[in-house]
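Letters are used for the chains, namely A, B, C, D, E and F, taken in the order the chains are written, and counting of residues starts over at 1 for each.
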Amino acid sequence: MENLLELLSQFLANTGYYMLDYRYLIMIGIGLIFVYLGIAKEYEPLLLVPIGFGILMGNIPVFKGLGLGIYEDNSVLHYLYMGVTSGVYPPLIFLGIGAMTDFSTMLARPLLMLLGAAAQMGIFLTFLGALALGFAPNEAASIGIIGGADGPTAIFLTAQLAPKLIGPIAVAAYSYMALVPVIQPPIMKLLTTRKERLIRMEEPREVAKKEKIIFPIAGFLLCCLLAPAALPLLGMLFFGNLLKECGVTERLAVAARNSVIDTVTILLGVTVGASTQADVFLTGQSVGIFVLGALSFGVATASGVIFAKIINLFIREKINPLLGAAGVSAVPDSARVVQHVGHQEDPTNFLLMHAMAPNVSGVIGSAIGAGILWSFMMK
Amino acid sequence: MTGLEAIAAYNGWNIAIVGISIVFTGLTVLALTIAQLHKILNFLENRGKVKQKQEKDMPVDTAGIILPEGIQESARHFKLLIDYMGQPFSLPRLLEFAEKCGLNRPHSALNDLILSGAIEPDGKGYYLWNKKYPINL
Amino acid sequence: MENLLELLSQFLANTGYYMLDYRYLIMIGIGLIFVYLGIAKEYEPLLLVPIGFGILMGNIPVFKGLGLGIYEDNSVLHYLYMGVTSGVYPPLIFLGIGAMTDFSTMLARPLLMLLGAAAQMGIFLTFLGALALGFAPNEAASIGIIGGADGPTAIFLTAQLAPKLIGPIAVAAYSYMALVPVIQPPIMKLLTTRKERLIRMEEPREVAKKEKIIFPIAGFLLCCLLAPAALPLLGMLFFGNLLKECGVTERLAVAARNSVIDTVTILLGVTVGASTQADVFLTGQSVGIFVLGALSFGVATASGVIFAKIINLFIREKINPLLGAAGVSAVPDSARVVQHVGHQEDPTNFLLMHAMAPNVSGVIGSAIGAGILWSFMMK
Amino acid sequence: MTGLEAIAAYNGWNIAIVGISIVFTGLTVLALTIAQLHKILNFLENRGKVKQKQEKDMPVDTAGIILPEGIQESARHFKLLIDYMGQPFSLPRLLEFAEKCGLNRPHSALNDLILSGAIEPDGKGYYLWNKKYPINL
Amino acid sequence: MENLLELLSQFLANTGYYMLDYRYLIMIGIGLIFVYLGIAKEYEPLLLVPIGFGILMGNIPVFKGLGLGIYEDNSVLHYLYMGVTSGVYPPLIFLGIGAMTDFSTMLARPLLMLLGAAAQMGIFLTFLGALALGFAPNEAASIGIIGGADGPTAIFLTAQLAPKLIGPIAVAAYSYMALVPVIQPPIMKLLTTRKERLIRMEEPREVAKKEKIIFPIAGFLLCCLLAPAALPLLGMLFFGNLLKECGVTERLAVAARNSVIDTVTILLGVTVGASTQADVFLTGQSVGIFVLGALSFGVATASGVIFAKIINLFIREKINPLLGAAGVSAVPDSARVVQHVGHQEDPTNFLLMHAMAPNVSGVIGSAIGAGILWSFMMK
Amino acid sequence: MTGLEAIAAYNGWNIAIVGISIVFTGLTVLALTIAQLHKILNFLENRGKVKQKQEKDMPVDTAGIILPEGIQESARHFKLLIDYMGQPFSLPRLLEFAEKCGLNRPHSALNDLILSGAIEPDGKGYYLWNKKYPINL
């Protein structure tokens, strides 16, 4: 009987209820907020719901030794997390993104690609800011990439350079991507005049099938010869796009943009979420990362808009500078924001399709940026 | 180490400048290439169109031959499958499809269609639907 | 020429025909029976067919050294089997089950959940029985979980506690799950009166969408805080269910309940089957496991039914005690058996939907049970 | 070691008792929570319904505005897609869909629909189908 | 400022443009040819496009140390390539092939299976040729299997016996499979008279559902007891076919022939392509492999045709000897070639369905051949 | 080492001869087995057919009972699902399907169908559609 009580009390001492402290409660709260934003607000639900639930899973306090926690060698979460730490998941997601992305509008008006380049200023300024806050260079580079506004790219680079920061960086990146409709509009309005916001864009020309087929091949060669370290991400992105466009590998493209990307999204989301175990996540560093992350989105938006205005100084048919904000990628949310802000000024101005051009070029731009930072950090 | 000192110590300014320059270079080169690509393809296509036009001017012998009654039904079924698969199509894949879809005796039905000329070889091992047999689905 | 004959005889000596002995023949016979039951009788075909064919694959006698057998380090079967030994496959199956399970009837009448708890008596009594038969505690725990009537749970726990027994325990668990329509009815009839079997259940109330969304989150937190070791299984189960119910992650739920679960089912089935290599499988232990397994299903069924009768002593609107038998999980077979037995007494009594409540709560119950046993064994 | 002796030696009785108790505790707590959840949600919803009812009492200005002829066709197509995607929907996703489905000039067709008010922003960056335009599919 | 230029020049020195030499350019050219053949000519596009793009990805010159190249331990490509080196991808592809292959015509006329055996002469003669050219026995065996005209089988055996040759052997195998419509017809015409080519085959009898179900089980046992080393490939092939035919595991068969095979095809194609890194690929050995590969396809075709003529000496209802060419597998291209050549002589002679019989038995034959070679090499 | 010498040294001739012989043996044995299998199944089936025929000779009591009006609609829906799932089918799976397809109150509709006898248990825990209720879909 004594034995029975002992066993029971021993069991109770190992329950989550007993081991719960304020840090886990904070993290569970954050997880619930993510899930709430994803479901009720429909902010990037495909990412916020898995990450949010992953945060819950990672923050049930568990006793060490059984192999339950994501940082224990033989746990299921650890095995699934290997896809993150090895860098395999993000390229597979890029494969799927490639197989679902239509680059037509970008091909129709290549000038708009430069907006996708300009928005990457956010990456490098944030990198400087992180250095200034005292982060080590590899950490600073990983934090900078939040400004790329591209989840898989951020996770990929961080896994290579500063694996310990995957949790906070991923959470920061996805938080701000979800908050794009909140962060961007004021900056866009501040930096543009009403007249600029009313600029109408010409209907894009039709793009030939051959162009669409040649683009992923040429794009791959040009980008990866310039920045070989972007190969895992861009290689898969362009490969997926070739599968989509070439017309003879439809079943592979279907697999890439359905079962592959969806399965990997589930596994990446839940394990990245679970990697935010309270003792690893709730540090001063994380606070710094969140501050810098907000900054980076702001800088990226501003850079895109200002660069559009600079271009306008040189060309006759003006670009609507709101389009610059779409260069931060966060596909397709920032393009949607552009449409929305333009729509507020003039309900008949339809900017969405045009915004897709800087939007998808922003994805390429941030992957190149990640490649550059990676290669600089390994010297 | 923090502040400007840290940035300088880790070569931050240079990394940032070189970094953003390369991003710009990459996307600019890509943009220029795309613009050129469009022109080149247009040029090639225009040459192609001239040829095509000449071909188009040739009279199409007859529009709408009527298939023997017995295979009208299966012709319609096969045409559906072919539209789905795209042309030119390979026979084995078509048969596989036909079987999966539960068509009646796909083997001999297909044979009839080939005999009647509704399905034609394209000369490279693949097959095409003869456009003279318009099937209203 | 001499050389030629030598080579030929050497080859012949390495064929399966030559190495075949009675043990392999027995196992091949068992494999054929599994395949037959799955195809001709449609008993759990999605599991019996892969396991049965896996038994065939694992019992072709092979020469050691090439890397053909599942227990050789570099064989294909070994690599695929890692998903079993690492414990990764079962949670992925639970993800898919979560994404296809509708908990509505359970939410409509939570009282019926207790039947799913009661049926877990089978687990712990079998554990005692296995100890009494001389099994070591970790083995006894794995054998006990057969009484949970839940394949992935049994495989998961056994992989953690007694990996050598995966083959016999999985085969026993799935055999009895397939035989549920044979095992349960006599026990159910023995323990109930005709009057009890005629009890009609009220139509369950309609369950709101919000309830369905909140349930997996609340259920996850409550269960895993109580029994953290159930996290890999229950975390994925509730996560999958959230993906299904929340309405904004439909494509992830589709992936989970189609390509993920189907692929893993194939790989788990065939490798678990192959793990029954004759020399590992045909032991006295396996006989003990089969005897105890039959026992555990009987005990579980009886516990569920009796507990329903006990509840009836305290409530006014009586529960049909047949529902207790559905608590053993074996989704959805035991629920079907309840419907069938009830139907025999009164063809107009439709118990199926009601039986789904203890049925799915039995899944949760046995996952908790597995978590508890696991944590007790690791002390 | 076998029999009762083995059970006792390995603390079997206690494990079994504690084990089944915890299973019961877990599912009981869950059952109670669910029961409460239902009541809480019901309470909240009833409050909500009162509000909704008040809103419902306001007259709906006109049921069934007729769309200009030229876009009737594309309206029908887009409505189909929207029903499939669920509401509110995002414009880019809708366009993607439309293109995949091979709709004619989806960009300008969608523009027309927005201009005519058949598709309305929901104020949060998403869009809704204006219920005044009932499309019979 | 000095520093800036230094950094820039250092970066430039690490770009692909700078490191590019003629070898990479050759390989990039080969990759482009593969992609072109796949897309424009539709030669086996599902394989040539991924392999071609993989060749591009593997031949962007990268600096060592970051983990970019497929032969670096921690690169993404390396992790994905593990499915090739471990031998896991080919059996999974065979699972899918099994789940999509209809063996009816073969079951209807088992005699035609022997043509699939005869065509495997190509394997063993090429093996002798490779030995004669000075290849080591394990390499010679891998080269011989090119004559099996079956990509996954060739990759599987090479991964076991001579992993360094995976790139050239896979590229050779798929090149010649794509060129089947060019290689086979002249040989077929040379070895047959017009009268032979005009032979008509009887419509095959209908095959019962039960036969189709029993075949994969019986076929598996017979083949794998004879050549246990064929187990990973044939086991999965027959397993997939059982899932397809048994009628009660349709959802597993769907998964096998869709998401599983398509995903693995993508990953296998791109990594096998990338394994052709210029410094590994451009060797004298590769030239030898290509010469022998062409030879092997020729020999295989000729063997099939001649053997058909030999059979005709003994039976009354003659076989159209063109069918022998379909025995090289290369499903379904060589069957298509048979149809095409027969069609040229007599547009009303429809050989396609008949050619499927030797075609699919050729797959079984080459898997057995691979198993035999494997077991002989490990002595 | 190259040439015939290499072949001899590595036992090449023997490997090739034994190898191709085994491939032939394997496929020959398989071919023979298949041929026998066909005959055996034919034999068994013929015996089966005799029995079946006897059963068929028994009069079918009535063809085409008419279902009560109220459930005609849902009967049609369920029949569709059943045809899709194949027979015999399991009730839970059918209900799951019905719910997914958004049928109205699937639970009680199914109850009606069972009561009316349109869906019958097959005695082994599964159910069949009563063939006396021919539903034209």
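Everything that follows uses one rule, which is that contacts are C-beta pairs under 8 Å (C-beta built on N, C-alpha and C of every residue); 3 or more make two chains touch, one makes a residue touch a chain.
In this text the structure is predicted, and so the values were computed from the model without any measurement.
Supply the minimal count of touching-chain steps required to go from chain C to chain D.
The distance in steps between these two chains is 1.
How short can a chain-to-chain path be from chain A to chain D, counted in steps between touching chains?
Graph distance in the chain contact network comes out at 1.
Between C-F and A-B, which chain pair is linked by more C-beta pairs in contact?
Comparing C-F with A-B, the pair joined by more C-beta contacts is A-B.
Could you give the separation in Å between the centres of chain B and chain E, each centre being the mean of its C-alpha atoms?
25
Which integer distance in Å separates the CA centroid of chain D from that of chain E?
Averaging C-alpha atoms per chain gives centres 47 Å apart.
Just give me the whole-number Å value for how far the CA centre of chain A lies from that of chain E.
So the centroids are 39 Å from each other.
Please set out, as single numbers or ranges, the residues of chain B touching at least two other chains.
Where chain B meets two or more other chains at a single residue, that happens at 13, 15, 18, 22.
Can you tell me which residues of chain A touch two or more of the remaining chains?
Chain A, residues with two or more chain partners: 7, 11, 42, 226-227, 247, 258-259, 372, 376.
All pairs of touching chains?
A-B, A-C, A-D, A-E, B-E, C-D, C-E, C-F, E-F
In their shared complex, at which residues does chain E touch chain F?
106-107, 110-111, 113-114, 116-118, 120-121, 123-125, 127-128, 131-134, 137, 140, 208, 210-211, 214-215, 218-219, 222-223, 226-227, 247, 361, 364-365, 368-369, 372-373, 376
Considering the complex alone, what residue numbers of chain B touch chain E?
Per the stated touch rule, the residues are 11, 13-15, 17-18, 21-22, 88, 90-93, 95-96, 99, 107-108, 110-111, 114-115, 121, 124-126.
Once bound in the complex, which stretches of chain A touch chain C?
Residue positions touching the partner: 7, 10-11, 14-17, 20, 28, 32, 35, 38-39, 42, 45-46, 49-50, 53, 56-57, 60-63, 65-68, 74-77, 79-80, 258-259, 262-263, 265-266, 270.
Over in the complex, which chain F residues touch chain E? Could you list them?
1-4, 6-7, 10, 12-13, 15-16, 18-20, 22-35, 37-38, 41, 45, 86
Inside the complex, what are the residues of chain C that reach chain A?
Against chain A, chain C makes touches at 86-88, 91, 95, 160, 213, 217, 220-221, 224-229, 231-232, 235, 238-239, 242-243, 246-249, 251-252, 254-256, 258-260, 372, 374-376, 378-379.
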